[in-house]
Every structure is written in C-alpha cells, then in structure tokens.
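Okay, so here's the structure we're looking at.
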C-alpha cells in the first residue's frame, strides 16, 4: 500500500528496477486533453542517465508505451497507464552483495518490512529508476496545468556546497536546458563540474539543492487545515529518493528573521493584490497566494559509492565490508530537476481539480 | 475539505478561533486504551499561552470535554470527539480591521478561497488556536504509542538566530519541561529570553526552529513509494501554522556532504542492526530504520506585530496602513513544541496501525 | 475507523446512544450556502420517535446545536459540526441484560470486535439513534443540492408485506408528509396501521421497504468503474441500521426480464435525450442518466421485540433467555424515510462536487 | 477518477475493451504470498466467453502477464500489476453505430460525462471485458484469504425467471464447476439452457441472479458506521456491469417478516457462539458474525440484443433505429459467477487487513 498519490488526480506507481518495467497510472485526468507520446517521452528523456558529467549510471532507452487512457491524441477520461521497459539490466552484482546492507540505501528497512521477499536487485522499488513513472505522470500534469497557464520549472541551486547565484525566473528555464548540470548560473556550474570530476576520481559522491518554481498559480489552491498546499508538495517531493528536506520561500532562514522582515506586505499591481516580497514562497495558511511558489529540496549524496564501506551481512548477522561495483551517478541533482518539476505539477493538478479550476472535459 | 489526516488513525479538525469551540475527532483508535481527561488536559495545558516571556497572547481556560469514544476510562473503539470551548474572546479589533489584509496571515488567501464567507475573526480556521485540537489528538496518539514503548519529544533548538547546544536525548525532556522557552540549553535559553524582551519592546516578533525526536520507533513504519514516513511527517508538521520548512537528520546540510560522510554505516549492537551515525534521521527509503527519528521544523516569526504595516483594504481595493492591537505572542516556538510532538505522534500511530504493530484491541 | 463517508463532501459520524451526544462533521461543503439551524432542525424532527403508531420508542428533544462551520446564516467553508444531546436516557435495563446477546442486534459482533470495551448501552454506536447525525448531514446536503435544482424524496412502499400502490412523483411528497407512516397510498397506509397495532399487541415487529427518488439529477454523476453512483448510494444506504438490500430501477425484477423488455429506449423530449422507460433507475454504467434515480431498500423488522427469545450469555458462555423491556418501535420504516433521503442527498452532493457541478463558493 | 477500490488492499483498474489491454494493480498485498501465473490464469479462464450456451461473445486468449510485484513465485510487497492483451478485435461495427446510443449501455452517460472523448469501441471502459481485471485481482485476494481459511464461492440461482433449488454449501462448488451455466441444481440448469436457446433464436437476452457465499469468515470484519461489510460488498458488486440490486441473507424478504421470524437466535456450538438461522446473511451492524456471508445480486439481461431498437443519433440529435451485429452473450450470469467471487474476495481482504487479521508478511 502507499503507492498512490493525490485525491482527484491520482497517480499510482508500479514496477521494480530490475523487473519487466516501471510504470504509472494516472486516474482523474479530465477527458479531452491533447497529449502525444512525444510529449511524455520528452520528459522521460530529461531524466535519463548519461547527459552530464554527474550521471554515468545505467543507460536505458526508456521508450514510453501508452497502455490505456489516451486515444487519438486525447485523454479519454479513463485511467491512463504508461510504462517504460527495463532493458539494460545486469543483476549479477546485486546477487553478489545480496546480503550486505548498502549504507544509505533502503536495503535494511525493506528487508525487515517485506521479510526479505522484496526484489532487492537494483534497489527494487527503492531505486531512483522508479521516478521514471513520476516523470511520466508529471508530463500529463504539466500539459493539464498548461490549460490554466501554470508553468512549473526547477533548477540546481547548490551542488556539493557550491551555491548558484540567484537568476530571474524568465532566464532560468532556457539557461537550465542548455546546462548539463541544470544550473542557471554558468560560473557556479563550471565549478560544480570540476568538483564532480574530482569526487568521481575519489570514488565518492555529492549532494545538492534543487529549487522548484511554479508560476501563474491561481490564488486559492490548497485545502487546509491538513491538506495544505505546502504539506502536500512536501509529501510529494519527499517521495523522490534522496530528498531529506523541503522548505518554502525564506524557509529555514525564517528562524533568524523578525516579523517585520519576514512579513510580505500586500500591495496592488495592475488591479491585482500581490505582495512586495515573497518570503512566504507563494503559500499562506496552506493556500496559494498567486505569487510564485518557491520550494527547495535537499538532495543527499548518491548512496552508492565506490569506496569500500563497513556494513552488516544480514543473513549471517555479522559485520562485513561492502564494495559496490558498476556504474553509478556521482550526483543525482541534475536528474532530480525534472522529477521535482513532475511532483510539483502532479500536486498542483490535484489541488486545481479540488478547487474546481479545471473542468471535467477539456475542450 | 482537507480537514482529516491519517488513513487508519484519522484525525478530523473542526472549530474556529472565535466560534463556540475548537475540537477534534479521532477515528481509528483501538478499543481498550486507558486514557483519562487529565491525560489530554495535560497536553492542552502545555500549549496554552502565558507560560513564558515569549507568550503573552490570549488566555483561555481550555478545559477538555470528551463528547464521544471514551467510556469508563477506556477508548471504546468508536470515534473520539474532544473539544475546548472558546471563552476569552473580544472580536471588536478584528471588526475594525476586517478589510485590511494582515501581512503574513491567511486573510487574503482565505478571502479569495471562501469568497469572504470565512470567519475572519481571530484568523478563524487559520488561527494557531486550531492546534489545541492537534494537541488533543496527539495526547491520544502518545498514549497509544506508549503501548509500543515509543516516546515522542521536542525542543526549541533555535530562536531569533540564537542556536542551542546539542544535548543528549535523555536530558532533553526533563530540561525542556523546566525551561519556559522549552530549550534544553540553559545558556542559549537565557539569551533567547533577553532577545525576546528586546523584540517585544520594538513591537516585533521572532522565529526559530523546533526539533522533534521519536525514540524506540520499530523498524518498518512507512508505506513507500508515496506514503513515506518522512513525507507524511512533513505534511503533518506543515499543518502547524507558521512552519515553513521540514528536514530530517542531516537535512539541508546534505547538500555539502560527500556520500562517504553522509552514509550511515551499519553495525550490530546487542544483536540488533543499527547505524553508527544517524544522518538519515531514522528514515531510509521512506521507512523507519529503528534509529531515533529526527526532524526539524522552521517556525516563522509571529505575523501579528505591533509595528504599523502597509497593506491593502480588500473591500475598497486600495492601499492602507494596518495597526494591529491586542495581545500577541512575540515568539511561537515554545508553544509549537507540544504541537510538533502531537503531529509526530499522530503520524506515527497511523503508520504503526498500517504496519500492523498495534492490535485492534488493547488489553 | 470507517466513520467517514464521501470524498469531497465528507461526513464523519460520532457519538453513542447513551453518551453525551450524537453528532456529525461535514467537511467539504462550499462556503456561502445559506442555511439556518431551523433548516437542520426540521429534518431532525422528521426522524424523531412518537410521530406514528409505528414508533413508540425513546423520546428526545433533539435540539440541533451548531458548533462550527456556519456563521451569520451561511456556511464558511470550514468543517461544519452539528450535534444533538442525549437526554431521555435510562440505561438500567441495558445493565441488566448486558451479557445477553440481543438477537438481530450488533451486540455479539461489537463485543468481539471491540473486546467488550464498546459502549453497549442502548446499542452504543449501533443504535438507530446514530442516524440523527446522518439526517443533520442530509439537511446540509439537501440545501446544497437545492442550488442545482435537485430534489430528494422517499416514501414507504411496503410494510409487513402490505404493498402501496404506485403514485406519481409529484404527489408523493405532499402525501407522505401528511401520512404518519410516510406512505403515499392512503388505503395501504390504513392497512399497515392496523397490522402494526396487531403486531404491537403480540410484542412483535415488522419490516418493510422504503423507496428513495432523486429528481432533476444532472447527467454525468458517478465515477466508474468502482466509485459508481449506484455503488456509493448502496454503501451509504447500507449504513442505515436494519437495511438488508438495495435495488435500482427494476431491481431484482430484471432476473425475469428479457433484454428487449428491460432496455430503456432513448428518445428526445424538449431537445433533451431521455429514455421512454426507467428500468435503469436513472443509472447506466454507474453514471446518472438524467432520469429520476429510483432506489429501494429493504428494512428488516425491529430487532428489539417484547417476546422472550433464547440467546447466549456471553460472559458465562451458556444459553439463556432474554426478555427485552422498555419502549421500542414496532416498525422503523416511517422513521427510515428521512434517513434514506439524507443518505441519498449526501451521496449525490459528493458526486456533484466530484463532477464539478457545484462551485467552490455559492453566491 | 474512481478506478480504485479498497483502503488497504487497493485494486486499481485500467484498460479499455478495444485498447491494447485490460489490467489491474493490486497495492497492499502483503509480501510472501505464494502465487503463480497459473493461479491467476485459472480465474481469468473461468470468465472467458465460449464456455456455455449462454456465452457466444468475443473469444480472447486472455493470457495473464505479470508486470510487477511478483517475483520467484511470491508477492514482494510492491504493487502487483497484471494484464491481459486485447486481441480478437473488430471495431468496425462500433464505427458504424458510433453515434447511435445503444439502449441499456453507458453510451449516453459516457458521452455526456467525457464529452465524446471516451473510447466508445466495444463500450470502452464500460465493457464487461473490464472485469478480466476484477478477476485477476480476485485471484490474488482468494489466495490471500486462503491463508485465513476463508473460502469464497458463487453460483447462478436464477436465470430468466427459472429458480434453482437450494443446495448445501459443500455441494455447490463441485456442482457449479461441472455445470456450464454455473448452476448447482441440474434440473433447473437444464430448463435454463432450453430457455437460453429459445431466447437466442429470438435475438433477445435474459437476466438472472447470482448468489455469493463466503465461508469461515472470522467474526469482526467491517468498519461501521459507514465502511460496513455489507455496504462495501454492495459497492464492489455494483462495480460489475449489469448488476442492479444487492441483498444479504433474507434480503428483500425481510419486508414481509416479523421480528420474531427474522431475528437469528444465538446459541453455542463446539464452544463457539453461532446463530440458529442466518437471515442476517453473516452481517450484523455492518460486521461479520462468523456465519456464512450470503449475498445475492440481480443481473440484468444483456443489453446488446439482435432485435432492432429505436434510439437516438446523438450527433444529429434525432431518432433512429439501431441494429446491433456481432456476437454477444445471451445471458451473462454464468460468466458473472467468478466476477462475483472476485469482488467478494477483494472486499474481504481489505477488511481482513483493516482488522489486523493478516500479517504484514506471509511466512
């Protein structure tokens, strides 16, 4: 249980890293939304390995298959089923280390929870590969948000302690798509690349921070007191493996601010109520304010490192040394960027439907 | 909608700040749990105003009433309904500023979402007072977790930029209960008090950070890939007004760590698998590891400040100056401590039930 | 768990027969709906005891209290909490028969499920009294449906084997409200009354059938393949104690019909697609057709009868004879009529919201 | 939305009649359940066309594919994804009658609800073919119930007005599996076959009644007041196309019974509390009593008949005559039998999990 997300735009994830496929069902997408396989493929391609120095992991073709819910280029109102096949699979290394708990991975927690019956190969359900499904759902969600004029984007703002300079919203998207690390600041990006090369040579890995932004979000999304917009975004983003923290607007900086500094003052612009600053990150009382939604997620360093690590052999219940082979990403941050966008888009769709902002049929 | 939390241990919140009462329904608590009105009252008393220099806001008796679900000192298996009456209410100041959007509050978002029909007095549903219901639910949840040996505690670790020193888990609880700011470091606490006095004199407010800890949590709580333990904790904690960020274990620090630093190495202690460090904050793959769960929330400065602020008159759609009167907390952090505990306890109960760790009847 | 119904218009029931109160929370009602205490009281009064020969049970004042969610005569968008206090309570007879399982009641199933901790007095959560909450929720739902022009009504069509003649929809409502048995056929009603008197003299009880009708339901309500309109109606109606069957349109008669008899042929009337007959009862493929929704529920005879019955003493685990004292209804059918309307209205509201037929704010 | 069923054992349906496949996801099945493709295939084979005189519809190989959640013959705890491909598809007749509303089908309601974007070919999502997914989920559910000793069976008790004699539970299963109409009474079965032949010759169809039975169900399943065992069973069974009514135990007969006739008296047998009769059909207060669960569903005559029918051309908005070609079942009752079993099994699994009767890992 626990593999569905969203109340009206409901995403159900399935598949394992080394099973036949990874897929997703989207239930609740209104009928009549124009969408092609290529639209979805494009998002899936953005999260594929091998696009930057940071990512040298497993290569997959990841061809999107539509099994249900889309017909003649439009959604039908029926559940949409999408999947990508798993192809580039060599499970032998996992067989070798089957009983050695990989530090930073879910091997131990999964072993206990599923009594050892879980598919451990490649991390099974806990693999980053599962996010291929997230991204397919996000592709549908982005298209649907597009009918409202809502745009979702994300970018790397920190890698391995190197922080990017702040960049205007309009410049982020084009800059990010040209940059292999998906960082909009070219100078920081260069330093990050150098760091990653160094860290790779050491057989180590690094983490970072991704910032997600949603523009043109209508006022009024969010269903407090419990189904808040920020709460559901946080939950959705923490479903990305490796995310360890989520903050909105000024985020953890609020701990050092005065009320007079942190309060965003209201004013009127072009006949609309806006705030002069956006420390709230676009959310007040769990509801969207109409200002950009700003969320940052902390992404931990890739857990699979080449350096030997001490651990436990769970079958023999004794200490052991683990050496992980194979190809692994050094830094997952650039590939997390489209996944952050996807989870934001999916959550915003759910709330837009709950608020009645999207009709039952798109025409 | 959106006022229920939890799948098997379901908390439904109701009531407004200046309406007849604030209350909560807990559905899903197993029958046979011994609990008294005093157990619940004790938690409610911990979040009351007037216990420290930080809190000079509205004073309420907050006497807990049990309307359903508890009989002869035991839960019956039926939904539990608890409430506290609202008493110390003067709505006249809210009448005066009815059309002035208070910066940092949900006045604007609620006005748009509910078409002006929402009860704006005292913030209505968006008042911190609503957390009296959270805390009542938490009291039940804590008792239920007690049957598993799980303990939940929280403390203030930062106020207005002043950071507390790290303290051993065993020392936090007793230290916190003696300290008016609920900070376990007495030296930092003194500085925080001085800062708060200063800030009060300026008619301003400050924010801070609360750390929540859960001890003895069994391995295996959490239902990935979407209903992760960390994701649901984050969602529950973001239902506390003023929380703007949530992080687990090393949290945002992971952005600057190497994999070899951040990975918690497995080892064996007393025949049990543990990790040597706890950068994961007790959660891997969305599932509890058995190590302490460590979560920190960023609490923004109180939005109601005495300093005049520029804002918008929403009825006349023109700029205006707002001066808020009445008594308001300068820093909500100490009062947030029991609320953080409550939301953690509620979430852990839900997952303990989902994992089958709690029987249908407590005997 | 299990005390909430509905996805967007969510009704949560609480309270026990002999506890402080019986109540309900409605979460998801849009803001701006005009509703008074009197509107709700009127529905509650319709289900009170003592209005006909059939009902001689416990008399309660059942004064509706509004605890949250309605302000100045309008819903606020916040959860609505309504309750009636329990007053006319003598639990002594229940104390006497505490360990004797009353046939036809939930004493045994509740005893096992809740380990004997359930409030057994007056049936506790399993009492028909719980439906006072259903009816309060129904009052809100009816008002909300009224904004769409949807009308819900019900009537007794069979009592103790005596069947009422079919009556035109327009005549049912006025006829029913004048008739103490809520049967629109005055001749059948007279016979039913005579039967009930006879059955009362024998210390026995009788069952019957209630038919519920919803008029002007828009085409398109229902979310197949699982959340069908008929499926959710059936679930909601089976939450009325004593209901043992639910059928739509031709119902069980379809077992003997040919396709050519049962198929409702489409035609056009006033520019609208309608069907010439309505064997479907207004539902095709789990979705409303725009024709009247017709549902019938089988109501079992009241389980509490004055005749001695053999049963089991659950404490001593031996056979025993049970003699039930006190006042009990002979036939619950007339009082079930407003409850059937309530459960239909609640379900239709949920689907109308899901289909986007009701705006977020009523103006 | 609306394509998921169950809270802890959650079944999500996808696929269209003439799309690539029909499938299902089962989320919440504990890890460690032994199950093979053959176990699932066997149930799917039971609902295939062409096994009796009643069924002459579309022939499919219906080979079950396992895409996720089962590994090495055991469930892994991950979501299980199963599907059958659609093969024997000729959509040309549907193209011809695309704008003619087929009476008794969901053509009109789907057209309005999904704005004409729904896949109308073969009824799309409203085809009986969708129940191949129900049956695959049921196969998993039956296996899981088997670990508790619970058995689910169903049989045809009425076809076209011809009623079968009552048969002992133990004899039903073997008798049913030998009988092409799945009726345990061979004499009635012969008459039913003759009737069906006659009706086929007339180009017409007939309905009937299926009875479902669950044996060895533990006491205590069901979560009143709203998530009752009978309510959820009814909802699940009404998700079978063509079902128009559901009744438990004495069902609609209760309308003519006295309380003294209908009440099931408690007694003790082999140290266990049982009832002497089972008019309750195994459910009291929405909770299982431990007696067999008995439910009957009314199945309407197949809507696709060869006789010409008058209807509406929805594009031209004018009356028209419809002549349906192709092969269609004359009576769906025998094929509905395994589907009734499946929906019962799925519902019982959900409640067994909710009641904590099934462990998180099967060993």
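Should a chain be cited, it is by its letter among A, B, C and D, assigned in written order, with residues numbered from 1 in that chain.
Assume a contact is a pair of C-beta atoms (placed from the backbone, for glycine too) under 8 Å apart; a residue touches a chain by one contact, two chains touch by 3 or more.
Computed from a predicted model, the values in this text were never measured in an experiment.
Any chain bridging subunit A and subunit D, meaning touching each of them, is among B, C; the list is complete. Contact count check for A-C and A-B (C-beta pairs in contact): higher for A-B. The chain with its C-alpha centre at the largest distance from the centre of subunit B is D.
Between the Cα centres of subunit B and subunit C there is a gap of 39 Å.
Mean C-alpha position of subunit A lies 46 Å from that of subunit C. As a whole-number value, the distance joining the C-alpha centres of subunit A and subunit B reads 27 Å.
Shared interface positions of subunit C, defined as residues touching 2 or more other chains, are 1-4, 8, 13, 113, 125, 220, 354-355, 360. Of all the residues in subunit B, the ones that touch subunit C in their complex are 1-4, 8-10, 12-16, 19-21, 23, 25, 27-28, 31-32, 66-69, 71, 74-81, 83, 113-115, 117-119, 124-125, 360-361, 363.
The residues of subunit B lying in touch with subunit D in their complex are 7-8, 220, 354-356, 359-360. Contact residues of subunit C toward subunit D in the complex are 1-5, 11, 13, 101, 103-106, 108-110, 112-113, 125-126, 130, 158-161, 199, 202, 204-209, 219-220, 222-228, 230-232, 234-239, 241, 244-268, 271, 273, 275, 279-281, 284-289, 298-305, 307, 309-312, 314, 317-319, 354-355.
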